[in-house]
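One structure, as structure tokens, below. Some questions next.
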Amino acid sequence: MIVVLKPGVPEEKRDRLIEWLQSMGMKIHLSVGEYQTIIGLIGDSSNIDVDLIESLDIVDSVKVVTETFKQVNRKFHPDDSIIEVGDVKVGGGNFCLIAGPCSVENESQIVEVAKAVKAAGANMLRGGAFKPRTSPYDFQGLRGEGLELLKIARAETGLPIVTELMSATDIPLFEDVDVIQVGARNMQNFDLLKELGSVKKPILLKRGLANTLKELLMSAEYIMASGNENVILCERGIRTYSDYLRNTLDLAAVPMLHELTHLPVIVDPSHATGIARMVPPMALAAAACGADGIMIEVHNDPQHALCDGAQSLRPEVYADLVKKINAVREVVK
Amino acid sequence: MIVVLKPGVPEEKRDRLIEWLQSMGMKIHLSVGEYQTIIGLIGDSSNIDVDLIESLDIVDSVKVVTETFKQVNRKFHPDDSIIEVGDVKVGGGNFCLIAGPCSVENESQIVEVAKAVKAAGANMLRGGAFKPRTSPYDFQGLRGEGLELLKIARAETGLPIVTELMSATDIPLFEDVDVIQVGARNMQNFDLLKELGSVKKPILLKRGLANTLKELLMSAEYIMASGNENVILCERGIRTYSDYLRNTLDLAAVPMLHELTHLPVIVDPSHATGIARMVPPMALAAAACGADGIMIEVHNDPQHALCDGAQSLRPEVYADLVKKINAVREVVK
Amino acid sequence: MIVVLKPGVPEEKRDRLIEWLQSMGMKIHLSVGEYQTIIGLIGDSSNIDVDLIESLDIVDSVKVVTETFKQVNRKFHPDDSIIEVGDVKVGGGNFCLIAGPCSVENESQIVEVAKAVKAAGANMLRGGAFKPRTSPYDFQGLRGEGLELLKIARAETGLPIVTELMSATDIPLFEDVDVIQVGARNMQNFDLLKELGSVKKPILLKRGLANTLKELLMSAEYIMASGNENVILCERGIRTYSDYLRNTLDLAAVPMLHELTHLPVIVDPSHATGIARMVPPMALAAAACGADGIMIEVHNDPQHALCDGAQSLRPEVYADLVKKINAVREVVK
Amino acid sequence: MIVVLKPGVPEEKRDRLIEWLQSMGMKIHLSVGEYQTIIGLIGDSSNIDVDLIESLDIVDSVKVVTETFKQVNRKFHPDDSIIEVGDVKVGGGNFCLIAGPCSVENESQIVEVAKAVKAAGANMLRGGAFKPRTSPYDFQGLRGEGLELLKIARAETGLPIVTELMSATDIPLFEDVDVIQVGARNMQNFDLLKELGSVKKPILLKRGLANTLKELLMSAEYIMASGNENVILCERGIRTYSDYLRNTLDLAAVPMLHELTHLPVIVDPSHATGIARMVPPMALAAAACGADGIMIEVHNDPQHALCDGAQSLRPEVYADLVKKINAVREVVK
């Protein structure tokens, strides 16, 4: 850690700060310049409160040199992590195609969609059983029953299942789920993250509504520090002042996260845009910039063609998209 | 709800949409203009998916006429709600001054600060026992022990206590707490909000990192719809691209929330700015624009004057501030 | 325009509003519901101030039905516009590859880079002569001399030249430039936009730092309404709270703009990310989601390999990238 | 400047960087730690491109120690600047109350409003003659004629006049204006800022739509570096994802700017909120947090009471507000 003092700080005040830092176990490297005095801290500064030091009236600014994320950090783990979900591998050059309906509605729906996305090339099935809804009056999902229906669809197709958990108290219900998803609104539900550290199965961690990459990595660090190394990161759009689209899909996060961490990074263009016809171009863009997988909402509702989910693709559109995604991957790999 | 169609939509497609809307129980009011066709929906449209309709290729845009928040809505409850916390009232012209340390550290600390803030004019004591931290390696709070220390401080001073809950599984520990705080990162932890509906004590609901006012109100609606009417809203700064300050304190949210809801609205200038010397001006600004209370971090650490919490005030600074807050309230009321 | 009144508005107030709207030349369609009263306005409402009506105490909200952008609107001009720059076409399936150094520095630099990017496949040359700099103490560009050097590079390679104009007073200097660029910071310099309406050459209009798509389209409308139909839009990243990257590249703007307007849309991944090694993945992503062109910074500085511009590619990296961009375009077209 | 290298950088690469930095005239202070190597640069680093160094593959991060703004910096100019506008002083404890209509419409309107705001306590008159409008089809102001009407109002009341300039070519028209306003959309129109350096009259510089405080200060630096020291800063709300309000008024910018610069800082609550009934609470909040002045839109239109400007106050509301503003100032000074 480097502490830059304001110009003209009295020596007495400076020395009091240095003594206090030494009392915290730090070795000090003082550099007195013509305009600026800089205090370098050597040692383990992880228990020193940066905000506190930054707020002292004699301090101009503080520069933290070592990153606070350790286990997720590529610096200490240069090779790509490969997360195994049954026979499916994610990361390290292995690509996953996760598809399925927004919500699980009934057996025929989920089984039909599962078969359709498998035929199209998907290798995992998604479907919401527990649904985070902004309004308490909106449909909250089939919950436990939805999980059972997902397992039936898995039995029929062999596709591993991915579904969202909203509360640590429901973890026992998820014992037979293949990948547990943590939604954007729970990315910083730290108690939930800790509990997921003791579950050994893969966790799909979605980036929060307005969270930075560092915060996403720190949330993954919570899961890893609690004992579970199987974390897949997911970019799903962030909140901005943008009009016309629900969120702003931050695709540059994909190559940047690949630089910062060894964990695989997938993209969810369905939630990012909220509009079905924007999903294919953004899925192709995600493949082009190196994502390790793409998660897309697909529905199957021949009788009610009108009430397409706003952001869901029809199976035939998805099948066509998968071909193009694979072709783009060929080009960029 | 009003649905505006794109120009040149074929009648057949339009009629299929109308039939579907009628099948959902809506009465239709069709208005065919020279350039634009508008479908007005009469009836209870709460179970119609706006995003879905907005995403149809024949639809230009959708306008929701009735608000989705009901119980928190001032339209249906014109008088200010007054939340009672022991003898302290919040809202409807009653002002609360909540103060205390960021974290509960030990008995002498919390009791001393409690006495100091009471002497300064505070009428509630805050203190963190369960701490949401971005990093798993940071101090997570004294947890249950911290709650016990808060109760000791309450016994010594008579001040009701306000402290943060992070997980529904800890609710039993909070039985004897006066006000349960829901932190910014849990504002959309919907399962937690539902559980707090069955707790009958006052809930202090902080606005999330990057949430809109509507989302804040919908989260309050979750608590009220689950049976608990005692909700206090709290503006604590939102995330922007701003430099130099941790968050952007959105004070205009105070008068706007007062227009939208009958619930009391307080302000936390300590977390919003993250810098102790910015707290007094922003606390005065909060009082000037009509807040129903102000929550401020105050510490008391004579031996370690250096390591002031970055955003905490010394008791004597707080005491002086309280006098000015009261004087500003006299002017604006 | 649709005006939704608040519940319980007295008839007298409502009728006063209706009379005033009629006095502005509007025909009125009144719909009195059980809970809500809606006033539909028929006629040319373009001279009615929406903000004004929205702010009336009896009004709940206003819905503008017709869009304010006309000439740029795809609704009234369904076919793609094709902008011609010498022999190069942009839009309507024609792709442009614009490349060159951040700043024009001297003749050998600009000529060498021009030759290198042409050999790599670029069909336009970019280079900054007038430089918008945040600090008055930073290098402001070679200005007029830089324009002359660009023309020399054009003479040597045949590549049309693209360069930024910062002030209407400099327009005469740009008479022999092929494409005039309007930078992000001038996107809403309305006086400059009007002046560019009387210039008949292609304008490359960059999206502002934090502007919405509608605002970008309105700025293009300024140029078109002033008489110049040759506008190319450019997405270059928007400001968010994102860490690690300078801006957030909003690639979903590409397919969305294609839906809203007939004008071509290109992408600048160099300024969006600010980091050379992020440029190739984001350029490929731009090609994958349907951009009509890509503008990339390329430098050529063998003696000072160290001082690579932060966001500039070496020619050989650019040449390799162009091959992949073309391959991705083959897949997605 | 401090350059932190990535772990494990080969000595050869490190030394090449050091040599290059030395060739730029810097003295080097190398600190090789167990985990991290840090290069301290001593000397004038203002001509070194931070982005460039930060983007090198061997560099982890760069910390700029000295601020890039000089003349506006309070460090080098500890006393408040006091800007004189005729007999009115702004800054250093002197408060200004600027009021007037959004647009100048005709003589009787501007004279009447001028008299009304003067009677209410205003000491400067504002009024738009050149209007920046998002749409080319909206009213663009009376332009030169509007300036003449403002001068008539000044002659009648003695109030100095404040009005917006949009283009350097119009500067001659503003010779007899007392304060020239630079609007939010032109805050980074650097050519305009430079031109205003040679004008010696006070400049009211509004913070841009989504600009940081540092950028605002750098724009003020442009004006000062070009020779004009009379700059007043204005916070007018920034763009966020906020609903219900047009912009987010960043009032904490007021005390923070007072710390960073000696220039006076005023607040415009009318544009920030866009809603007349939000103006009084936010004006009081601005006074409470130490603003050096408040600029408010006031209209005077007895015949058309309905068509109040959305964000304009009636004179009697303004008069009442001024009394409260003054009372709040008494409390906080």
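Here the chain labels run A, B, C and D in written order, and each chain numbers its own residues starting at 1.
Here is the rule we use: contacts are C-beta pairs under 8 Å (C-beta built on N, C-alpha and C of every residue); 3 or more make two chains touch, one makes a residue touch a chain.
Here the structure is a predicted model, which is why all the values come from computation and not from measurement.
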item: Of all other chains, the one whose Cα centre sits farthest from chain B; value: C
item: Distance between the centres, which are taken as Cα means, of chain D and chain A, whole angstrom; value: 38
item: Where chain A and chain B are represented by their mean Cα positions, the distance between them in whole Å; value: 26
item: Averaged-CA centre spacing for the pair chain C and chain A, given as whole angstrom; value: 31
item: Chain C residues counted as touching two or more neighbouring chains; value: 210, 239-241, 277
item: Topology of the chain contact graph, where touching chains are joined (line, ring, star, complete, other); value: complete
item: List of chain C residues in touch with chain D within their complex; value: 16-17, 20, 46, 49, 51-52, 54-57, 68-69, 132-137, 166-169, 185-186, 188-194, 208-211, 215, 218, 221-222, 225-226, 239, 246, 274-277, 304, 306-311
item: List of chain C residues in touch with chain A within their complex; value: 210, 212-214, 238, 240-245, 248-256, 259-260, 272-273, 277-278, 281-282, 284-290, 324, 327-328, 331-332
item: Residues on chain A engaged by chain D in the complex (per definition of touch); value: 2, 4, 6-7, 29, 31, 33, 35-36, 38, 40, 42, 60-61, 63, 65-66, 75, 210, 239-241
